[in-house]
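Every chain is named by a letter (A, B, C, D, E, F and G) in the order it is written, and numbering of its residues begins at 1.
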């Protein structure tokens, strides 16, 4: 190559490389928008609510006195609602995904189901609230119970679980299925021996991400008419009710009144006394930490399972 | 062992393990195989070669009704399995039963992401075998049969996916062998392997052919030449020529075959 | 012939074929020179034959090397493989034929130097030599065109040459018996005739190679009937 | 042994405080839940028999009474405290310390929409500065009451003002803008005196300007922006001892607790009357199924009830 | 081998079991349809009452939405514009930022940076949306007011921006997944031609991942349209037929929560109006999802 | 064209386009290449063969500094490019510049999901070429050079990914050719292709070698034998033997080479 | 020899080698029988030689087929390829040697039937035949062991055989001149000697093939000096 040509070539490379630097800076800035917002939010919440974060806060019921108020009923409520959500959404979502991915014939019924699922994922959460109000609270008469809320949030995260499960199933190479079939396995054997175990990582991640989203949901729970003041916990199964002396049934807690963290927070936010704002911030911190923990678990699971399962 | 009385004898091939006649296959509207008549000699290696898309895999996969897994596929004609003398593509025949007797090894090694032991034991588990001792015995036998025992006997519990490509493919062969198949189908079993691993698999095919009938599809003509007793050449969904391998490679009967194997295809 | 996907392979095979034909041409011209030398006592012609022997040897080694090289690099099968195997048989025979031609040349020289009695039945020999040279040409033609029936004709021709040779030997014996002084020249002629007969044999071998390439049938050592049935 | 209360968010803090103390007093034997689904949402549940008590920041409406009647639910209307709507302005706002109802009407009436955008359109003495209005969300009891009291007709309001359900937000809004004005519950003003300034209200040009405070409301001089807030008890539920016990506890402690959470207690007499009404099971509403402004609580409690 | 031929016959018992399982799974899958049907039925049922009083023409053409006022007006357009404008602002923030972040993380950032920042960004989704509402109202809007002194305290710009920030992780993480799914050999192909990082990212990786990026946009749009609490808190709950993001407005979702938490008597037309509004919202997301579906099909990855 | 004065001449190979000397490569701590001295003859095809993992690809990819894309990799020694006589792995040398002069074709055809035209034009666009006429001319030339013009000239605007595998790979070659490379690297260019497409690519290599120097890594010994002028045999990161191809395949100098090419590797 | 990864390939090569050695053994035993027949006028031995010819021919064709088959199926390179090429050269020469043995047998028979005059110098011929047979054995040995120096010895040996042959021919001429009745038997002996000499040539060719297989050098047609330098 001639020296002159080389010279122009080099100039032109130097020019092109400048974009790399500019874009690198731009990218970093863009990333920082998100990161800084989060940091700002979190720091703000911590500054407001740090003082209230204590054991007492976690183990007390709500109160008109901000400094005595706590979130016991709220986090227990959230935990129980999540339990119902998980119990309803996981089997349903996984089964639906398995059906769509492995069983469904390619016909219009399947198409409808498919489009439905994608569409459900985009339906605003408030609409689920409206649905739940009509369906669970009134039609099925579950009332404003843990069951209603759990089922509502289950519907909300159902598409998330279905989509995640389908993706996890799709990531399993066709060769694995064919290998199992070729050994004489039946369809259900293929599903239960192989597909579900191998996709468990993806499924779990999907479940956790869905649940993390559900924890922070306010709107649908508000719509079904959440309670706000609850100064007792749902009855433990098989204990004796102090008031009636009767033994508590195993599922009684499902129909118990409850509140959840975001509602508690929302309620406190709109109280006139500034002290309640601290409580709200502290509740916000608890919610964020819960989602953080769940995301952490999801990441860890993804990593663990990615290490053992490769094709 | 004298061959079963119910095995018909073919003039060129000898006792038959299976045979297609007037066999057609359709992917929906696409007529992928046309009127295939092919014998499969008992305890022989039969290779299927031909240009890409000629229907090799389609034919092979018809033997264990793999096409049943996908909608819209249609078989026509006969694939008889001997000594039963049953047309295995008939409606009344259970594809699962067919697959229990006809094993398959795939192009890409596809061990399950389970332990080596569980991989080989899987065929037995599917059959409902629960006795640990029986399973252990069969697993060892199959791994020995696949020339893998010595390499893995000390780590039967480690993940199969950590084996090298060649070992994985031998594991897949062991997995198929453990189920005592009468016919073993190979679909380009070495195309994902390097030459040394390939040589290992070919060597293994040479060893197991005394026990089981083998049908192998390969892109690699030389591989067909190396491992098979009989070779079928397919083109555009038809069986152009079926001959003893040596004859096909030195003195093919059909011009199309000759053109293909000498690299004159247009 | 249809083309390979690899034009280089085609080129290589063409080059080999050309070289074989060249080698055949050289051998044939050796034979023609020998005939001229024998008939016209042409020293130059004889010299030429001996010189050409070198070239034939070189061609044999070179073609053989190319065959090996193609075999190691192209994995020939079917007709390509048969062609290479056939060519390697052809060149062995051509080289031998060339050898025989050189031998004839040397003997002719001796014969001439020894006084070459005019009385001896040299014409028969010349005719035989012509026949042999024609056979070589015919067989190479058959090989080049993979013409089985032409090749078979060459094979049958060889029988005629053998018969001529037998007759010629008997004739020579009578000459020798009649006049013992003739023994040495007659022996020369005898060896000459033997060499010519061998050329015929080589032509026949080449024809057999042509049949092998064309049809994949090895008809060496086969009786005429076996040949017939093999080629059906 | 479960008392279910739901309804207005305005009443919630009082009921919450009562429930808290009540549960302590009964050592948790009786459980009380208090929800927020708005006065309307509360009545809906109440009239379906799902709740025992409904918090309400406005009297029950005709439509709701019909629903209750259809379900066979009879109710006892019990005022529990006053809420005073406070009109607030920026502390640096020097001109609007006192406003008449007519002034406010000029600002908030529907006819003002898009037209009245400047302080000097209210009074020519006011500065030529943009008028920035805030107020309650259109579906709150506060909104209904404010429009009724100021414009003269419930829900009759201009639409182009900053509406919010959250009074803290109104505080924020007004505290940031010298030209802003808004209205909200007294409690919010009392908590944020450092950020906003209350406007003294004159009923008409001749009346004195009254600043909202516990006293002026309690005495009934802060008019027309004081309103009583209620609980409605289902008669069927009232038969249950725990409900009865709770309501009585409520009425006995409402004075103290309503002050504690930022509302104005009713005159002591009113609580007695209310308790009396409750014990007698005096069902129905003192209102005709629509809001009314400027009636005293005692008068209300004595009225003939309408079902 | 007498049993030989019977061995191939269909195993009825197994077949029955398989059928049963398939049936159960089918029911589970149908639940998705059931949910949709339930949503539509409930919305339609409640909205039917509404449409008995309000003509569809008015609903769709009137530019005023004041169901709770004395002279109620039922024109959905102000809520629709409010929804679209906030979502639009959100997308204007989220799409470029999300894509730049995705490109940056997938192509520029060192692995360590990527692995730390990604989960961090995903946390943005985990923050309760109420918090964002107050963030928009109390932090972003005042900040904007410094730049635009005339900006009202409630406006669509602030919440729009916050929703945008909130959905950055949606856009960036889905886009980044799509970009990372672009096989390394395509990148190598570009680098081997002498392309720079920037050229490779913008000319090869991004176009190759376009279908995933579009999917991310659609997800983001659905999410922005459906977001409730942020706008409910910070945009002002005042239906306002305007395309100007600086003005306050209500969105469909904000209206629904507002009413759901409010004092309206149930069964009133105003109350039923939230179902009519919900129906519109569902239709809007449906339209976007279908567009997304079509776009994805058109740009399906083909590497 | 007489070769450039700055091109040194190698006793076996003739004029050199490039040459490695004392070249080492490290993947982090893993010493993948050891002391490689290998000449690359100008306008010749040099093949690199050897068992899997011996470092063939690593060596090839060092020639256009592909390893720079991943962290932790380290070069040592020299890879000289002639006639410039620069050590292209030196710090001061810009990898982008190197890659603009040394093209590469990969194992799996990797056309960009753009139109056929844009694929080929990519190298020019990257260089900032904007003139439509220049680009069109170059694209046509490159497509002709890659024996693809006739097949695609009527659908230059259709997606490259819709081409068949063999066409895609030829497109990738065209794409590389359009940038006028001095040296073209092929990393197992046909291992993803069927035999017929493979033959097409080999044929193409035979045609373009008159214009550009070629370095090709292949798993397939016969391919090396077929297409190359010189062959290097590598084993465990070392260069065992470098010979003219025919010699290597008929009469290798080293026992290791012989064992490998005759299939005696253990 | 180290093993291939493919044991079947090993087996195939082994089978070919065994067959080559078998063929060599047959040819050698033909030669030994011929010697016995010549020396002891043993009719049975001569008959045996003729019968064995069939077998040699069959072996040639069979081995050739196997070579082609291996070539078409195994893509041999390097030493494997050289081995197959070498073997194909070896068998051609063995077959020729077998042919010569048969020819000798036939001539011996004629010679004996014609009365076989005791006076003729048959011992020289027998010695030469023994030498030729030894050469065949030695060359096959060298080939089997790929022993280059042993092969070179065989090549040199051939020169001695050629010298013996020349001397024998001269001797026979004197016999013929002395007594014309001896011409026919002498001619038989002459052809016999010629055949024996040819066997030596074939042994030499086989030795050259051995060198080729072992070292990849083609030393055919090379002068002794060239050979030396090639093998350095």
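Here is the rule we go by: contacts are C-beta pairs under 8 Å (C-beta built on N, C-alpha and C of every residue); 3 or more make two chains touch, one makes a residue touch a chain.
Which protein is which chain? UniProt says A = Phosphate transport system permease protein PstA; B, F = Phosphate import ATP-binding protein PstB; C, G = Phosphate-specific transport system accessory protein PhoU; E = Phosphate transport system permease protein.
Since we're looking at a predicted model, the values are computed, not measured.
Q: Counting hops between chains that touch, how far apart are chain E and chain F?
A: Each step joins two touching chains, and the minimum needed here is 1.
Q: Highest contact-pair count belongs to which two chains?
A: Answer by contact count: the chains A-E.
Q: Comparing centres built from CA atoms, which chain ends up most distant from chain F?
A: Centre of mass proxy via C-alpha means gives D as farthest from chain F.
Q: Please tell me the distance, in whole Å, between the geometric centres of chain B and chain D computed from their C-alpha atoms.
A: About 83 Å separates the centre of chain B from that of chain D.
Q: I'd like to verify one number: the distance from the centre of chain A to the centre of chain C, where each centre is the average of its C-alpha atoms, in whole angstrom.
A: 91
Q: Using mean C-alpha positions as chain centres, tell me how far chain F is from chain G in Å, no decimals.
A: Once rounded, the distance between the two centres reads 51 Å.
Q: Counting in whole Å, what is the centre-to-centre distance of chain A and chain B, each centre being its mean C-alpha position?
A: That pair's centroid distance is 47 Å.
Q: Which residues does chain F have that touch at least 2 chains other than itself?
A: Where chain F meets two or more other chains at a single residue, that happens at 96-97, 100, 126-127, 196, 199, 221-222, 225, 249-250, 263, 265.
Q: Touching two or more other chains, which residues of chain A qualify?
A: Those would be 13, 16-17, 186, 269.
Q: Considering chain G alone, which of its residues make contact with at least two other chains?
A: Touching at least two other chains: 4-6, 9, 68, 72, 75-78, 81-82.
Q: Going by the touch rule stated at the top, which chains touch which?
A: Per the contact definition above, the touching pairs are A-B, A-D, A-E, A-F, B-C, B-E, B-F, B-G, C-F, C-G, D-E, E-F, F-G.
Q: Per the contact definition, I'd like the list of chain C residues that touch chain G in the complex.
A: Touching chain G from chain C are residues 57-58, 60-61, 64-65, 67-68, 71-72, 75-78, 81-82, 85, 88-89, 92, 169, 173, 176-177, 180-181, 183-184, 187, 190, 194, 218, 220-221.
Q: Under the stated contact criterion, what part of chain E meets chain D in this complex?
A: Residues in contact with chain D: 64, 66, 68-71, 137-138, 142, 145, 152-154, 232-233, 236-240, 248, 258-268, 270-271.
Q: In their shared complex, at which residues does chain B touch chain C?
A: 221-222, 225, 249-252, 257-259, 261-266
Q: Looking at the complex, which residues from chain F come into contact with chain C?
A: 196, 199-200, 202-203, 206, 222, 225-226, 245-246, 249-250
Q: Sort out for me which residues of chain D touch chain A in the complex.
A: 1-2, 4, 6, 9, 12-13, 15-17, 19-20, 23, 28-37, 41, 45, 50, 165-168, 185, 187-188, 190-192, 257, 260-262
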